[in-house]
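Structures incoming, each one as structure tokens.
First chain A sits with chain B, and in the next complex the same chain sits with chain C.
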Partner chain A sequence: MKELSLNILDITENSVKAGATLTEISIVESGDTLTLTIKDDGCGMSDEILSTVENPFYTTRTTRKVGLGIPLLKMAAEMTGGKVKIVSSTNEANHGTTVTAHFFKNHLDFTPLGDIKETIVTLIQGHPDTDFLFTHQTNSGEVKLDTRELRVALEGVPLDTYEVIVWIKEYLNEQYQLLDNR
Partner chain B sequence: MKSLAELQAIKDKMKDKVVIREGVSSTRVVVGMATCGIAAGARPVLSAFVEAVNEGGLAGTVTVSQTGCVGLCQYEPIVEVYEAGKDKVTYVKMTADKAKEVVEKHLKGGKVVTEYTVANCE
Partner chain C sequence: MTVYELSQNSQFNVLTMPEPERVINGAYVGDLLSWVMGKAQYDNIWITIMSNINVVAVASLSDVSCVLLAEDVTLDSEVLNTAKEKGINILSTPLAAYEAAITISGMI
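This part shows the complex of A and B:
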């Protein structure tokens, strides 16, 4: 993947496929580290499946036998000296999966974050019926988007309505501009 | 500053339209967004379709959606166009520019851009 934001798009698609109603995507940049957390309340994975997801020859897809989503994220993190951790539960009370990836930003092999705004917009456009909470913290502040708040304001108008998608794009642009100017 | 009040204004404007829009879409554009598609550049392709369809006034008849792996990973980004009463058209190795061209020539003009279809791909 050319951008970390593409890995984020790819991994979050798994959360949606697992039936998540809320997926929390958090990026925390502090000093020379970047921590990415993707936490969902989807169906979760059994220990047996969990032990195989880092293996490229495990996949849920039926069109071919190789699954590269998690292995690619793991490679991107480990190339910088970081790591990926996956915790998952199928318990009725607290089912879901949390993928945490640690990166060292100053490492030569760090993949740039890229267009994270486009990733968030793509997720919302493709999955207007599930909720996303996106937060990005840097040393100068935080960008936040919670689709649950948008849903309340929209009173039933779908989130993938073009006017709404354009609003989300402009909102994120503005938030990042404020962050950059701080 | 962008505010939630603007969303409420969109809501007021859209409320009537939503009812009309449902069930009318006769054409579906589906972009493959699995690992293979994303890695090959599907994100800007999807974005270009969403923008060109809506800015081109086709929102009432064309929907743009996402799907998983189509099974032809080496040809990603792949876009499938389903039109009522016609054969499915599969576009391969797409880019944002090609997407805009497909919207203009195929979705608006009714002429399949054969040079980008899977049948024309080596």
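This part shows the complex of A and C:
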């Protein structure tokens, strides 16, 4: 992928497909490392399936036999000297999947993060009935968006309403401007 | 030109060739797999320096007739076995992508 944000979109779609009610997307930038974590409370994967997800010839798709979501993320991380770790549980009490990817930002082959704001907006617009908690921490501060909080404030107005989407875009823009100016 | 015919040229080495009769109608050069997936055309030979299992997946999805690893890039045997299983032809060459493309262009 040309941008990490496209990998994020891809992986998060898997979470939604797994029936997640809340997906937490966290980006932490510290020194020369970037850690991406996507944690969902979806149905989770059995150990057997978990052992095959890094192989592109395993996929949950029914339309074709190849899946590149995790393999491409793993490749992007490993190209910078980093790695990907996946933990999943199908237990009734704590089902869900957590994908953690570590990147070294100073490596020449580091893929830029790209338009993460657009990715977050696309996810909310495409899945207005599930919740997302997005946080992006850098050395200068944090950007945070929690659709659960939005939902309370909106009192039943759907998240994919045009005005709400425009507001989310502006909110993220402002948050990132504040971060950049610090 | 078929993949088999290309493999008869001494500059191109067969790593695996489960479908030698596939036709090469042109070439696509690229290393960013997601980009290649959207751009490489059916029956192209795809010239790349990437060397992992994802290459086989992208070749399978884009239905290229052959993968050509430039600059003597190699693949491990597990990846080659998967390619064979999935019917993906893989050749290698000491040439760089540019020279390989020119050479192939003169042959098709």
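Note that in this section the second predicted complex is superposed on the first by the 182 of 182 C-alpha atoms of A that agree within 3 Å, B and C clash if a C-alpha of one lies under 4 Å from a C-alpha of the other, contacts with A are read in each partner's own complex, and residues count from 1 in each chain.
Going forward, a contact is a pair of C-beta atoms (placed from the backbone, for glycine too) under 8 Å apart; a residue touches a chain by one contact, two chains touch by 3 or more.
Just so we're clear, the structure is a prediction, and the values are computed from it rather than from any experiment.
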item	value
Which superposed partner A:L150 touches (first chain B, second chain C, both, neither)	first
First (chain B), second (chain C), both or neither touched by A:E118	first
If touched residues of chain A are counted for chain B and for chain C, the larger one	B
Partner chain in contact with A:F57 - chain B first, chain C second, else both or neither	second
Touching partner for A:P128 - first (chain B), second (chain C), both, neither	neither
Touching partner for A:L6 - first (chain B), second (chain C), both, neither	both
Partner chain(s) touched by A:P158 [first = chain B, second = chain C, both, neither]	first
Touched partner set for A:L68, first chain B, second chain C, both or neither	both
Footprint overlap on chain A, where chain B in one structure and chain C in the other make contact	1, 6, 64, 68, 72
Contacting residues of chain A [partner chain C, same complex]	1-2, 6, 55-57, 64-66, 68, 71-72, 75
Chain A - residues contacting chain B, complex	1, 6, 9-10, 13, 17, 61, 63-64, 67-69, 72, 115, 118-119, 121-122, 125-126, 149-150, 153-158, 161-165, 167, 170-171, 174
Parts of chain C lying in touch with chain A, wherever the complex brings them together	32-35, 37, 52-54, 56-58, 60-61, 82, 86
Residues of chain B defined as touching chain A within the complex	1-2, 4-8, 10-11, 13-15, 18, 33-36, 38-39, 43-44, 46-47, 50, 54, 59, 64-66, 68-71, 73
